[in-house]
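Chains here go by letter, A, B, C and D, matching the order in which they are written, and residues are numbered from 1 within each.
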Amino acid sequence: MPTSEDLDAIVATVHQEMQAHLGEGRVADYIPALARVDPRQFGIAIVTCDGRTAAAGDAETPFSIQSVSKVFTLVLAMNRLDEGLWRRVGREPSGSRFNSIVQLEQERGIPRNPFINAGAIVVTDAVLAGGRPREAIADIAGFMRRLALDEAVSIDPEVAASEEETGFRNASLAYFLRGFDNLQSPVEEVLEVYFNQCALRMTCRQLARAGLFLAQGGLDPLNQIQVTSPERTRRINAIMMTCGHYDASGEFAYRVGLPGKSGVGGGILAIAPRRAAIGVWSPGLCEAGNSLVGQMALQRLVALTGWSVF
Amino acid sequence: MPTSEDLDAIVATVHQEMQAHLGEGRVADYIPALARVDPRQFGIAIVTCDGRTAAAGDAETPFSIQSVSKVFTLVLAMNRLDEGLWRRVGREPSGSRFNSIVQLEQERGIPRNPFINAGAIVVTDAVLAGGRPREAIADIAGFMRRLALDEAVSIDPEVAASEEETGFRNASLAYFLRGFDNLQSPVEEVLEVYFNQCALRMTCRQLARAGLFLAQGGLDPLNQIQVTSPERTRRINAIMMTCGHYDASGEFAYRVGLPGKSGVGGGILAIAPRRAAIGVWSPGLCEAGNSLVGQMALQRLVALTGWSVF
Amino acid sequence: MPTSEDLDAIVATVHQEMQAHLGEGRVADYIPALARVDPRQFGIAIVTCDGRTAAAGDAETPFSIQSVSKVFTLVLAMNRLDEGLWRRVGREPSGSRFNSIVQLEQERGIPRNPFINAGAIVVTDAVLAGGRPREAIADIAGFMRRLALDEAVSIDPEVAASEEETGFRNASLAYFLRGFDNLQSPVEEVLEVYFNQCALRMTCRQLARAGLFLAQGGLDPLNQIQVTSPERTRRINAIMMTCGHYDASGEFAYRVGLPGKSGVGGGILAIAPRRAAIGVWSPGLCEAGNSLVGQMALQRLVALTGWSVF
Amino acid sequence: MPTSEDLDAIVATVHQEMQAHLGEGRVADYIPALARVDPRQFGIAIVTCDGRTAAAGDAETPFSIQSVSKVFTLVLAMNRLDEGLWRRVGREPSGSRFNSIVQLEQERGIPRNPFINAGAIVVTDAVLAGGRPREAIADIAGFMRRLALDEAVSIDPEVAASEEETGFRNASLAYFLRGFDNLQSPVEEVLEVYFNQCALRMTCRQLARAGLFLAQGGLDPLNQIQVTSPERTRRINAIMMTCGHYDASGEFAYRVGLPGKSGVGGGILAIAPRRAAIGVWSPGLCEAGNSLVGQMALQRLVALTGWSVF
């Protein structure tokens, strides 16, 4: 492991190198709250398994974590349903866009994996478990606050409302799943929870902190809580590796070599097993919908630390 | 790292546990030479980066490595074309069967990755590089012999001939690629090399030995030859992780957590970065076309060694 | 044209021949009101352009016309939007099932034709035209009553309600269309009209009567009203020929050789241009979702009359 | 039926109206012999069931009939195999491009219809029937000469050779079919016949003359030979209507309303049942691969004659 000084220097280097790229990519514009984010922002935060933090840039600026939330609801659903979850959702890369409905039809309502939208909606339904949406939303937010050790984590009501107003494709996916009997709760309630979880606002530091248990066999090393089992942790990391970046997951594995999950808000959570969790954020997206500068930053970080799992 | 005694014990345990499963799965039967293989065989061999070997079962029995060969021709093609290769083939999981032609049409002749058949045919064309098929075949066989440190590695002419006689789907893929100008040599010549590379016969021990450089940043630690660069090595491992087991690659990452590549002969090469290369073999296949018992054995091996990259 | 005696004899022959097949096929069972229909029913009615009627079997029994209604809403939409309709929906056979969402994604929210569900939902939205669902439903029912010259034509409220309760796939299609901005009215309102139009109850005689204008260049020859233009009439017939029987439209053209439109209630409206309109009904469906005995009856009718357009 | 004077006037009118459009569309350029054809040509010929001919423009200029030949080999194959043919090829519109391989994979080697390339290759194999390619080619050419009553009908060797040299996609389709055991003869032999049949050179007049039996229940009214049965004739017309213009077959039915078959050489054969056969030709193609001006001409012809079957 690098010393704290080394880590600080690495993070500073990455931050410095990214300056030339700020503003590259295309900010998500399907809802106003995302469209008006200044694209020239970049933050990075590393939290190590032995409790150290290194951060640079806009690491304390909250952003909409969007699909990064899917990792955390997956943990909740796996804890609840264990292997039973895999009767309702697969674990294979999809080979198509995040919101594609094609494979869902070919595979009769079983989404390819928990990170494409259809799969994440099934996972959300598993977390809701037939209960009340408001309570499920509160549970998810509470889970994130505990993991981040920070009560400031919140859900952006404007984003949640905008998602709902424009979420026709997600509604289509949800009704499709319902038609194959793969949702337990009413479609509107599942979507309410889904849109709220996507509207979680967190900083890079909070995100890295919240994901740290995934670097440590499911044990949150700072507050000594076993969030999930070592086996499930390895499996979640495996799914992040093969499916975490939509139809550019292979590219991320190829360039970065760490399990990771991105969101259209520009955030990425990456896990260096047995070493650290990393949160990066920059709003401009590549064509596949992942943070362009965020991916570059992680590629450089891995080059400087040698943390690739390969 | 486990001691040699520990390694021997682990390998013996895995071998012992697999006895109950021998004969499970379905042997590939599209050519006679594969169909008549006794399904109740199982071999495992581990070669560590520090030069130790542990083996059990039928680790010295040669088998047809089939698609495992695609890893090695990929190394040759990357060494030759570097990043230029990726203009002709992608790096993303395909979300469909190994011989599917659907995505090839949608993506206008650019195969999704080098491990589905279409991608491997493009890689073979890159290795052939407009030269003579006989020489390319000799080059590939020679490369495998050097890596395996064993002159006994050979190509089974009966298998190569059978592949050619029954390889209509591969011929279809090759002509399709040719129609999109993604093959340089004549279709028949590319297929000749391709069918011969698939007909390589190796033992688990030879396979593990040959793949060892992938566990060590591209450096073959036993004969101190840099087979490929550290960066390319990480990238090949990443592609093995996301695409190495056809449409069950996610499942393999989830259950085993190592980069790996399977073949329909029942062999699997798995890489534990910085630790070891592992060859396993058992002829019965799962529905996705990967060795059923081979996958189980690797899952147990990883559980006993803690070698998962996650 | 056959004499009235000939027509009666032909209809009687067809009726007689179908007795051996009553009960073949599989009754639609996705809603209770359809599932409990006695499958051993068969009706046929012919109304000629010169005003004669020949009927046999259960020609006076009302049934749920389901997708046959799509022909009539298409007339309304074409009258309203003319060629503008074709910016929102295509005119090509789909090569896939009636409720497939795959092509809708590939063609970015433009359904292949007005007779697959997605296309019919767009047509319904065009008829609704931003107005009130109740009024649009009343307009459609009124249109059918005028065409059938029969105030007894009604909408079955139980069927409409059941369609709504189980219509998840149609809701999915509608939200998908909405996501591509191809619906003007709110999804729930479009679906309300759509489910009600599908719940129209008519007899074979009413159906043949209502479709007669399609055999006569758009002019209803009995009440001398020009329902639509000659050109539009030919075009609607063309779409019925190429797309009227889901993914068995080619089969229907091949066996029957008349423009026709089927519904999962077991009804078929067929048009013999310049001669007659024919309504047949028998609840058992073939695999593609068309009345099995209804198709047989039309094949025999055409053999006996020589009315094939080919 | 129009008088001969009327017919001449109609043909002259159509010819006149098309002058403004000469050169529109895009000439097929995948082989030199097609690419160098002067796009500003247009021919039309009508042969009526009672033996009259009306022609205008370049009606005596031979052109490459390409896929129009598929109608005639279909007749030969149906005469030989009767209903057995339909175990090897379907009768449904494909909903995709003429050379698409996607549905072929989904439907396990059974092409959707005899007019997409894969289906036509199966039909050619049925005509070849395990015999010698040279004899099958001579049979097909002889059949066309007899039907056209003209020994001048020939096969263009340059076109046939070019087709073979560039026909990678067709080779891919053929090997794919072979992989599903849906070809009886060796792939190379089937393709030899296929490429030669596509290279038939005919004039509009010859084409109309050769197709006349399809307007008359299979009876060639001029030489009183029953080419095929009335039933098969109706069925071939039905397939021409639903599948004759690739993925614009619905559009052709909608605009023209006659059974027809086009080729990328710019020719179209259309059938007005019980009236006439029509050959048109103009080299510029629409996006779907059908003669742009040819389709316009037929639309006008039908408007002037009232020959639409709808």
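Heads up, the rule we're going with is that contacts are C-beta pairs under 8 Å (C-beta built on N, C-alpha and C of every residue); 3 or more make two chains touch, one makes a residue touch a chain.
Since we're looking at a predicted model, the values are computed, not measured.
Colleague: From the centre of chain A, which other chain's Cα mean sits the farthest off?
Modeller: So the farthest one, by centre of C-alpha atoms, is D.
Colleague: CA centre of chain A versus CA centre of chain B: separation in Å?
Modeller: Distance between chain centres: 32 Å.
Colleague: Take the average of all CA coordinates in chain A, do the same for chain D, and state the distance between these two points in whole angstrom.
Modeller: Taking the average C-alpha coordinate of chain A and of chain D, the gap between them is 55 Å.
Colleague: Between chain B and chain D, what's the gap in Å when you average each chain's C-alpha atoms?
Modeller: A distance of 48 Å separates the two centres.
Colleague: If every chain is a node and each touching pair gets an edge, what shape is that graph: line, ring, star, complete or other?
Modeller: Topology of touching chains reads as a ring, each chain with two neighbours.
Colleague: Show me, using the given definition of touch, all chain pairs that touch one another.
Modeller: Chains touch in the following pairs: A-B, A-C, B-D, C-D.
Colleague: Considering only the defined contacts, which chain C positions touch chain D in the complex?
Modeller: It is residues 90-96, 103, 112-113, 233-235, 237-239, 241-243, 247-251, 253-254, 257, 259, 273, 308-310 of chain C that touch chain D.
Colleague: Can you tell me which positions in chain C touch chain A when the two form their complex?
Modeller: Within the complex, chain C touches chain A at residues 100-102, 105-106, 168-169, 171-176, 178-179, 187.
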